[in-house]
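Right after this note come the structures.
In what follows, chain A forms one complex with chain B and a second complex with chain C.
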Partner chain A sequence: MSMTALRSFRDPILVAVSLVVLWQVLHHIAGDVAVTAPAPTLAHLWEMIGQARFVPHLRETGLAFLQALAIACGGGILLGVVLGGHKLTGEVAEPILVGLYSLPKITLYPVILLMFGLGMPAKVAFGALHGIIPVVLFTMNAVRNVNRTYLRTGRVLRLTPAQTAWHILIPATLPEIFSGLRIGFSLTLLGTMLGELFASQRGLGFLLMTAIDLNDVKTILAIAVLISAFAVICNAVLLAIDKHLHRGAAPEITGK
Partner chain B sequence: MKKATWIRTVVLVGAVGALEIACRTGAIPATMIIAPSAMVVAVVKLLQSDDIGAHIEQTLSAVAIAMSLAIVFGFVIGFILNWVPFLRRAFSPFLAAYYAIPHFAFYPLLIVIFGLGSTPLIVLATVFAMVAMILATMAGLDRVPRVLLKTARIHRLSLLDEIWRVRLPAAAPHLLSGLKLAVAYSFIGVIAGEFILSTSGIGHEIAYSYDNFDNPRMYALILFVLTIVTTFNMAVYAYERRLMRRRGA
Partner chain C sequence: MIAEARLAAVDAPGSVGASHKIHARLDGVTRVYPPRAGHGEVHALGPISFELRAGEFFSVVGPSGCGKSTLLDVLAGLAVPSAGTVEFEGKRVLGEVPDGVGVVFQEDASFPWLTVEDNVAFGLRRSGVDPAEIKRRVDFAIGFMALGDFRRAYPSQLSGGMRQRVCIARTLVLQPRLILLDEPFGALDQQTRLLMGDELLRLWRETSATVLLITHALDEANLLSDRIGVMSARPGRFIDIVETGWPRERDSRLAEGPDFGAVTARLWSFLRAESLRAMGQGSKQGSAPR
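Coming up: the complex of A and B.
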C-alpha cells in the first residue's frame, strides 16, 4: 500500500473526526434544545433502529429510493443511448435536458402529487425525475464519443452486433456512464427525501418532519446522521469504482 | 445546427399545444393540470393582486442574498481546495456525497442559532448552493490546459496575473455552469424551506394553494418561478456563447 493510498483514507477520517468534535462544540454552545451531544444521539439512533415501529418507515424509504434509482438508471441509460446514437435527436434534446437539469424541480412537486396522488408513486416519480437527467446526459456523451476507429476495427473483424456491443461499445462507454450513475444516485436520494418531507405519511422523511414539529432534536439529528452516513458511504464506494473504471482512460489533465 | 434548433422549437411548441388541447378537451382534468393559456392568464392575475408582492419580494431577496454568498464563498473555497492537495483529499468524499444529505433536518438548529425570520432560510440555501459552486470551481481549475500555464511562466507573469489572466478565463465555462447550478440550488433551498417550514414566501404560497385546491394560483406561482430561473439561465447561456465565440470555439 503506497503512501498516497494511505493518505486518501486518513484525510477523510480526519475530517469526519473534526466534524464530530465540531458537533460536540456546537452542543456545548447551543445546548440540548438545539443540538444533542454525539454519543447520546448515536445511542438514540441505535435504539430507534432496534424498534419494531421504525422498520416499516425504513422499508418505505428504501423501497421508494430503489424504485426511483432503477427508473433513473434504466430509463436514463436507454434514453442516453438513443439520443447519443442518433445525432439529430441528440442535438434537439440536449439543450432541453440541460435546461431541465438547472430548474428548481421542487416547485414541480405539487404537480407530481396531483398526477400521482399521495404516497409511494409520487415519491418514486420525484426521485426518478431528479436522478434521470444526469444519467441521460452522461450516457449520451459517452455514446457520442466512442472512438470511430474502434467501430471500424470491429467491422473489419466482422463482429456481430452483439459482439460489437459486448467487446467495443460497453467497455468504451462504461466509465463515463458510471460517472453519470454516481451523480444520478445522489440526486435520486435528494429527490426521494424532498418528496418524503412534503405531504408524506410514511418513511424517514415523515419521521423527520414529525420530529421537527415536536422539536425532538435527538430524533432529528439521529435520522439526519443515518441518512448522511448512508449517502457518504455509498458515495465513497461508487467513487472508488468510478476511479477504478477510469484508470485505463486518458490521464486527467491537471492544472499543476 | 440550424435544423436542430428548428425541430426543437417545433417540438416545444407542439408539446405546449398538445397540453393545451388535452386540457381543453378534458382528457387531462383541470384538477390535475390546467391549460397553459389558463396558466398565463393566472400569472397576470397573480401579479395584479395586492397580497403577492410581499411574498415575491421576500423569496426573491432571500434567493438573491443566498445566491451571491454561495457564489463568492463557493468560488473562494473551491479555489483554496484546488490549491491545497491535503484539504482537497480530505474533503472530496464529503463534497461528492453532499447533495444526498437532508439539509432541512438542520433547520431547527439554524432557527435556534439565527432566530426566526428569513436568516435561517438564507443560511440554509447558501450552504446548500455553495457546494455546487465549489465543485464547479475545482473542476474548472483542474482543466486549465498545461500549455497555458507554461506560457504564463515563460511570460514571467506574477502569481496574481497568472490567476487573473490565465487560470480564471480558462476555467470560465465551468465557473458559469457552477453559477447556473448555484442559482437553481438557491431557489431549491429557499423554496423547499418555505414549503415545509415557513409561513410566508412563494414556497409557502404554492403549498397553501395546493392544500386549498387553488390550482390556477398554484400553477401561476410555479410558472412565475420557472420563468425567472429560465430567463436568468438563458442570459448566462448567451454570455457563455459570446465568450466562446470570442475564443474562436
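Coming up: the complex of A and C.
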C-alpha cells in the first residue's frame, strides 16, 4: 500500500480511536447511568441487529429516509433548475427560500402531522422539507452562475441545444448541485429522524424515544452509534465524490 | 492538416480577385442594444463596412467600450446586427456561427471538468469526426501549442497562458478558415503576451487562416497585423485602417526596428482623441451592455 493511501486512512482512524477514548473517559466520569462503556454498547448493538423485531424498525426508517431523499433531491433539482433558469422567478423565490431555510422546521411538524397523519407520509414529508431547500438553493445558484463563456463556446462549436445541455450545462453545474445534495442528504436524515422521534409508532426514532422513556442508556447509545456510523460513512463517500467533481478547482502546478 | 487549412483558406468562396480575395464582409452593420432597466437604448456599433482579405492578419484597436467585441460577435454570428449585412465566404451570416469560423474569447473558456486532451478534442467529438482523425489532429494541436507535458492535466492546474493555449488548440483542431480572437491575451503578463503573440503568428503562417484580433494593446496589434483597424469611440466605426507592410515571416523582434514605433505612433495619434471622448462618454453614461 502506498504512503498516500496509508495517509488517507490514517486521519479517519485517528478520529475514530479518539472518539472511542473520549467515550470511555466520559463513561468513567458519568458512569453507566448516563453513558455506558463502548464495548458493551457495541455488543448490545450487534445483538439488536441480530434480532428479528429490530429489522422492521430499520426498514421503516430506511424507507422513510430514501423516499424523503428522493423527493428532496429530485424536487430540489427540478425546482432549482426552473428558478435558476428564470431570473425574475429566482429573484422572488430566493429570499423566501432563505427564510424557510433558517426557520426551525420543527415548529411546522404539527401542521405536517395534521396534513399527512401519523405514519410514514408525515416522516417522509418532514424529511423532504428539511432536505429540499439547500438542494434548491445550490441548484438555482449553479444554473444562474454558469459561465456564459462556456455557452458561447458551445455556440461557436455549433452544438445543438441537447448537446449544450448534456456536454456543457450538466457538467458545469454538477459540482455545485452535488454540494447541495450532500447538505440535503444530512438534513433529510435529520428531518426523518426528528419526525420519528416526535410522532411515530415504528422506526429507529421510535425505538430511541422508547429507550429514553425506559432510561435504557445502552439502547439509546447503540442506536445513536448506528445512526452516526451510517451518516459518517455516507458523508465520507459523498465528500469523496464532491472532491472528485471539484477537481477542476485544484491548485496550479506550473508556471507560465 | 496545415495543407488542408491553407487550401481551404485560399479557395474560399467570395473571393473577388487574385490580389485581395475577400473572406468576410460587413456592409453597413450597426448594433443597437434595446433599453434595459436603468439604461436607455445603446448604439454600440456602426454603421460599419469593411472587408477581411483571405489569409490576412487584421487587428482592431479602439477605446474601451467602443464596440470591438460587439463587432466580433456580429462577425462570428453570435449577435445579430440591428442593420446591415455580414457575409462569410459569400454567404450571409444570420445569428448562427458559420462552419469554418473559430472564436477564442478573452475569458478562460477551457472546461474545468475536462483534461487538456479532452478539452482540445471536445468540438471534434461533438461533430462526429472519426476517432483516428481526432487523435491525429489533437496530437498535432497539443504539440503545436507546446502542451504535450500537460495533456492529462486539468485547466486549474495550468497557468492563464497555458489555459488560453488550450482554447486556441481547441479552435485549431477544427481547422477554421477564419479565426476570431477577442483579446485572448488580455489577462496575461507582458512577457507571456509577447511569446503568445509569436505563437499566434506561427499558427497564422502555418494554417494560412484569416485572423481577426481584437486588442487594446497597440504594440501587440502593430506587431501581429498586416492591417489594423482603428475604431472611434461609441458607436464604433473605423476611423483609419493602417497597412503595416510587415513581412509574413516576423516575430516579436520586429519591435526592435525603427519603423515599428512610427506605426504605433500613428495608431496612437488617432486613438488618443477617441479614448478621451470615450472617457467622457463613460463618465456620463457607463459602458455598453454585453
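Everything that follows uses one rule, which is that the second predicted complex is superposed on the first by the 238 of 256 C-alpha atoms of A that agree within 3 Å, B and C clash if a C-alpha of one lies under 4 Å from a C-alpha of the other, contacts with A are read in each partner's own complex, and residues count from 1 in each chain.
By definition in this document, a contact is a pair of C-beta atoms (placed from the backbone, for glycine too) under 8 Å apart; a residue touches a chain by one contact, two chains touch by 3 or more.
Model, not experiment: these values are computed from the prediction.
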item	value
Touching partner for A:117 - first (chain B), second (chain C), both, neither	neither
Per-residue contact with chain A, leading partner among chain C and chain B	B
Contacts of A:74 with chain B and chain C, given as first, second, both or neither	neither
First (chain B), second (chain C), both or neither touched by A:159	second
First, second, both or neither for A:56, with chain B first and chain C second	neither
Shared chain A contacts, counted only where both chain B and chain C touch the same residue	252-255
Residues on chain C engaged by chain A in the complex (per definition of touch)	76, 78, 96-97, 99, 101-103, 105, 107-109, 111-114, 122-123, 126-127, 150, 153-159, 161-162, 174, 192
List of chain B residues in touch with chain A within their complex	1, 3-4, 7-8, 11-12, 31-33, 82, 86, 89-94, 96-102, 104-109, 112-113, 141-146, 149, 167, 180-181, 183-185, 187-188, 191-192, 195-197, 203, 206-207, 209-210, 215, 218-219, 221-222, 225-226, 229-230, 233
Chain A residues within the chain C interface of the complex	147, 149-150, 152-153, 155-159, 163, 167-168, 171-172, 174-175, 245, 247-256
Residues of chain A that touch chain B when the two form their complex	7-8, 11-12, 14-15, 26, 30, 33-35, 88, 91-93, 95-96, 99, 102-111, 113-115, 182, 185-187, 189-190, 193-194, 197-198, 205, 208-209, 212, 215, 217, 220-221, 223-224, 227-228, 230-232, 234-236, 239, 252-255
